[in-house]
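Letters A, B and C mark the chains in the order given here, with residues in each chain numbered from 1 onward.
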Amino acid sequence: MTSRVKEKSWLHYYLRSTSGVIGAILVFLMVLLSLIAAFKLYPHDPVLQDIENTLKGPSGNYWFGTDQFGRDIFSRCLDGMRRSMIVSIFSVAIATVVGVTLGILGGYFGRWFDSVVVRMSDVIFAFPAILLALAIVNSLGNSWIDTSLAIAVVYTPIFIRVARGPVLSTKEMDYVKSARILGFSSPRILVSHILPNVLAPIVVQIALSLSWAILTESGLSFLGLGTQPPNASLGLMVSDAQAGSFCLVDSRIPFTFYHYRSCWSQSGRRWPSRFT
Amino acid sequence: MKTNFFFSKLLSVLLTLFGISIFVFVVLRVIPGDTITGTLGTDTGVLSPEQIDVLKQYYGIDKSLFGQYTSWMGSFLKGDLGFSFTTGLSVAKLTQSSLAVTAELAILGTVLGVIIGIAVGMFSARKPGSVRDFAGQLFGLLALAIPGFVLSTTIVAVMANKFHYFPNGLEYMTPWRNPWMNFQQMMFPALVLGIAVAAPVMRTTRSALLETVDKDFVRTAHGKGVPARRVQFKHVLRNSLIPIVTMTGIQFGYLLGGAVIVEKIFALPGMGRQVLDAINHREYATVQSSVMIFAILFVTINLVTDLIYRQIDPRIK
Amino acid sequence: MSLDLAGATKRYKIRATGTEINALNGISLSLPEGKTLGIVGESGCGKSTLARLIVGLEKPTEGSILWRGQEIADKSHDAFRTRLSKTQLVFQDPYSSLNPRQRIGECIAEVIRVHKLRPDNEISARVEELLTVVGIAPDLQHRYPHQLSGGQRQRVSVARALAAEPDLLVLDEPVSALDVSVRADVMNLLVDLREKFGLTYLFISHDLSMIRHISDLIAVMYLGKIVEYGTWQEVLENPKHPYTRALIEAMPDHTVIGRGNIAKPLTGEVPDPANMPTGCAFHLRCPISQPICSQRIPDLMKLSNSHSVACPEVI
C-alpha cells in the first residue's frame, strides 16, 4: 500500500531469489575487477605485446593465456571490463538526467512541450538501438565520450517514458494539488513532491540500462566503431575469437554477461524489450 | 470511431516519420560537417577551390541546410536514394537485394523464435515449479542474456574450426538461385535471431498458459474428459494467442537491430551489412538512405502490429 | 467582506468522445466572512469542482469568484501566491492528500518556510503548536503518512492548511472517508478550530446530517446548480425544493422535516452531466414534476431575504 512497505517487500523478494543474490555477487565482482583495472593492478600491461609468448594457453603466469600479439588475455579482460563499465555508467548517467528531466517536465506541464518530448522519443525509438548508436558514433567519433553520448541518445527515450508515465498519475494526486494550493513554486513541486514519488521505476530502469549499455558498447566495439585497438574491449575480444586466437576464454564472457544481465532483469522483474 | 482511430494513428506515424527524417538528416549530415573532407580525407588539401565547388555542388552541400534537406527528401521520396561508388550501383538497386535478404532473415528468425518460444513455454507451463519448468526458464534467461554477437561468433568458431562447415564463407545464394545453399546460409543467423525472439515469447506463452489454465472453460473441458494435451492445444493456446502475437510483433521490430550484427558475422548482404559497409567506405548518401529505410520499416511494423492487435483483441474497440 | 460567486460555470471537454461536461452551471452565492456554508448534493453534482474553483486550482469557464473583492484565479496579480494560500482546501481522501515521501512535520514546516511566516528558529515550535492544535502528539512529527491512521492523516491535512494561516477553509467531505467512530472527533475539532481562528468554512458533504451541525448557511446542489439556498433553519425546517425534501427524507433521523406534504423517496439515477435533460435538471426524478418542467430552466428565486429556491412549483 504505502511506499515504505513496498520497498521492504521488494528487497525481501530480491534477497529471497537465488538468482538475485547470485547476480548481486557477480555485479559486485565485476565492479571489483573493473576497479582493479582502474588502479592498474592487473598482472600484465594489457596492451604490451610480447612476440615470444603469442597464443599461449592458460598458465600460472598468464591465467587466461595470451593472444596473437602475446598480450595477457586476463589483463585485457579486466581492462575491457573497466572500459565497458565507464561507458555504461557515463551514458546511463546522461540518459537518466536528460530523460528524467524531459519526462517529468513533459508529464507535468503537458501541452505542446509534452507533445514535442513524446514525439522526439518516438522518433528515437524508431531506430534499432545498435543501428542508431552506430550512426551517431559514425558522426561523432570513436572516443569513449563519443560512444557514451551515442548510447545516451539511444537510452534517453526509455527514461523519458519511465519518468513521464508515473508523473501523469502523480500530478493528479491530492498532495500535488495541495502543494499548488499552498502556493509552492513549480520547481519545488517537481523536485520535492513529484520526483521522490516517481523514483522507484527510474532506479530499476537505471539498473537495467547499465547492463544493456555494456552490451551496446561491446556491440559497437565488435563492429569496429567503439573502443579502438590496441586498447582492450570485451566486444573486440569476441571479434578476435572469430579469428581463432583464443577459444577457451570467450566462453567466459557470455557467462559474465548472462549473470550480470539476468540479475537486473530479475531485480526489476521486467523483460528487457530492446535487443542489442 | 474506428476509422477515426486509424487516421489519427496514421497521422501520428507520418509525423513521426517526418521527425525521423529530420533526425537522420541532423545526425548524419549536419553533425559530421564537411562531407568532402570526410570522404576524401587528407586528399582534400590538394584540391583547387574550383574543384571543391564542383564537389560541393555534386554532394548538394552548396545549398543552405534547409535546401539540402528538401532536395534530399525530394529525391528520397521519388525513389532516388543516391549512388554507391564502391559497388557502382544505385542505392535503390542495392537496397532492393539487401532488403530481400534482411526480410528473409527476419521472417525466418521470427518463425523459428515463435516456434521455439511456444514449444518451450508449453513445456515449462505443463508443470510449474518442476525441473522441466526450471530448465525452460533457464533457457529463457540464457537466450536473453547471451548477446547475439557472442552466440554468433561461438557458432561460427565451432562450426568452422571443429566441423569445417561454414556455408557463409561461400558466395551468398538467393533462394531462387540455390535454395538449399540459401537455407544453409540462413539457418544459423536465423537461429541466433530466433533465440532472442524465443525468450520473451516463451515467457509470454508460459504466463498466458498458466493464467488460462484456471479459467472456467478449461476446467469444463477437463471435466468433460477431454485429454489434457488437447485442452492445452485447442482451448488454452488459442486464448493465449493475443499476448503472444503482440510480443512477436514487438520482437520482429527489434530483430532488425539484431540483423545488423548477425549479417556482418555471417557475411549476409542485407540491410545491416549495407549500412556497415557504407559507414566503412564513408558513403554518406548510402548511410543516410539506408538508416532512413530501417526506421521506416520499424515504424511500419509497429503500426501493423498495433492494428493486428486491435483486430484480434475484442476488448479494444 | 465575503466570498462571492457570480454565475460560476465550469465545463470540461472530454477529448475521447468530443463532448462537454457541465460540471458547474452558473453558481451564484455569497458567503459572509466568519460564517460556515454547507454544500450538500449527491456524488457527481459538482461539489469538488466548486471547491477546486474556489481555491484557485482551476479557472471557471465563465463567471467570477471573488474573495474579499479580488478575483481568485487572476494570475496576473503579484500577490497571487500569497492570496492563493489564504484560501485552503482539505481533501476528502486522507490517503492521497499527504506526500508519502515526506515526514508530516516537514510537510507542515515547508509551508511556513516557503511563505516565510515565521523566522527559521521558530519554525519547529510552530510545527509542534499546529500539531497540538489539531490533536496530534508533537512527537509524531517524524512519522511518514503511512504510519498514521486515516483520522490522524486528516488532522495533519488540516494542520498543513492552517500553517498557511488561511482565512477561508474549504473542506471537501473531510470526514466521509473516515471510520464512523472518528468522524465525530474530527467534526468537533473543526468546530473548535473555527472558533479559535475565526475561520470562514465552506463545508462540503453528500450527507445532510453531517452538515446540519456545523453550517450557518446551506446550499443544496443538483447537477451543477444550486436548487435551494438559505440559513440552516430555513433549509432544514422549511425545505421547499422537492430535491431538498427528498434528501431530508433520506436522513436516518429526519426529525427536522418541515410542514407540508412529505416527499417521496428519490427514484432513478442522476442524469449524465454530459447529456443533461432539457428544462429543469431534476424533472425526471421529481415527484411533483409538471409538463412545463421539461422546457423551462428554473432560476433561483427569493422566498425571503436569505432563502431562495429554484422551483416555481413550490413558491
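Keep this in mind: a residue touches a chain if its C-beta (ideal position, glycine included) is under 8 Å from a C-beta of that chain, and two chains touch if they have at least 3 such contacts.
What you see is a predicted model; the values in this text were computed from it and never measured.
> So that we know how the chains sit together, what is the shape of their touch graph: line, ring, star, complete or other?
If you draw each chain as a dot and join those that touch, you get an open line.
> By Cα centroids, which chain is closest to the centre of the whole protein?
A
> When the centre of a chain is set as the mean of its C-alpha atoms, what distance in Å lies between subunit A and subunit B?
22
> Would you kindly tell me how far, in whole Å, the mean C-alpha position of subunit C lies from that of subunit A?
51
> Please report how many Å separate the Cα centroid of subunit B from that of subunit C, as a whole number.
57
> Help me check something: in the complex, which residues belonging to subunit B touch subunit A?
Touching subunit A from subunit B are residues 15-16, 19-20, 23-24, 27-28, 31-32, 141-142, 144-151, 153-154, 156-157, 161, 196, 200, 203, 250-251, 253-261, 264-265, 272, 275-276, 279-280, 287, 291, 294-295, 298-299, 302.
> Per the contact definition, I'd like the list of subunit C residues that touch subunit A in the complex.
52, 55-57, 81-82, 84-85, 87-89, 91, 93, 96-102, 110-111, 114-115, 144-147, 157, 160, 164
> Considering the complex alone, what residue numbers of subunit A touch subunit B?
19, 119-120, 122-124, 126-131, 134-136, 138-140, 215, 218-219, 222-225, 235, 238-239, 241-242, 244, 247, 250-251, 253-254, 257-262, 265, 271-276
> Please give the residue numbers of subunit A that touch subunit C in the complex, ascending.
Touching subunit C from subunit A are residues 1-5, 173-175, 177-185, 188, 192-193, 196-197.
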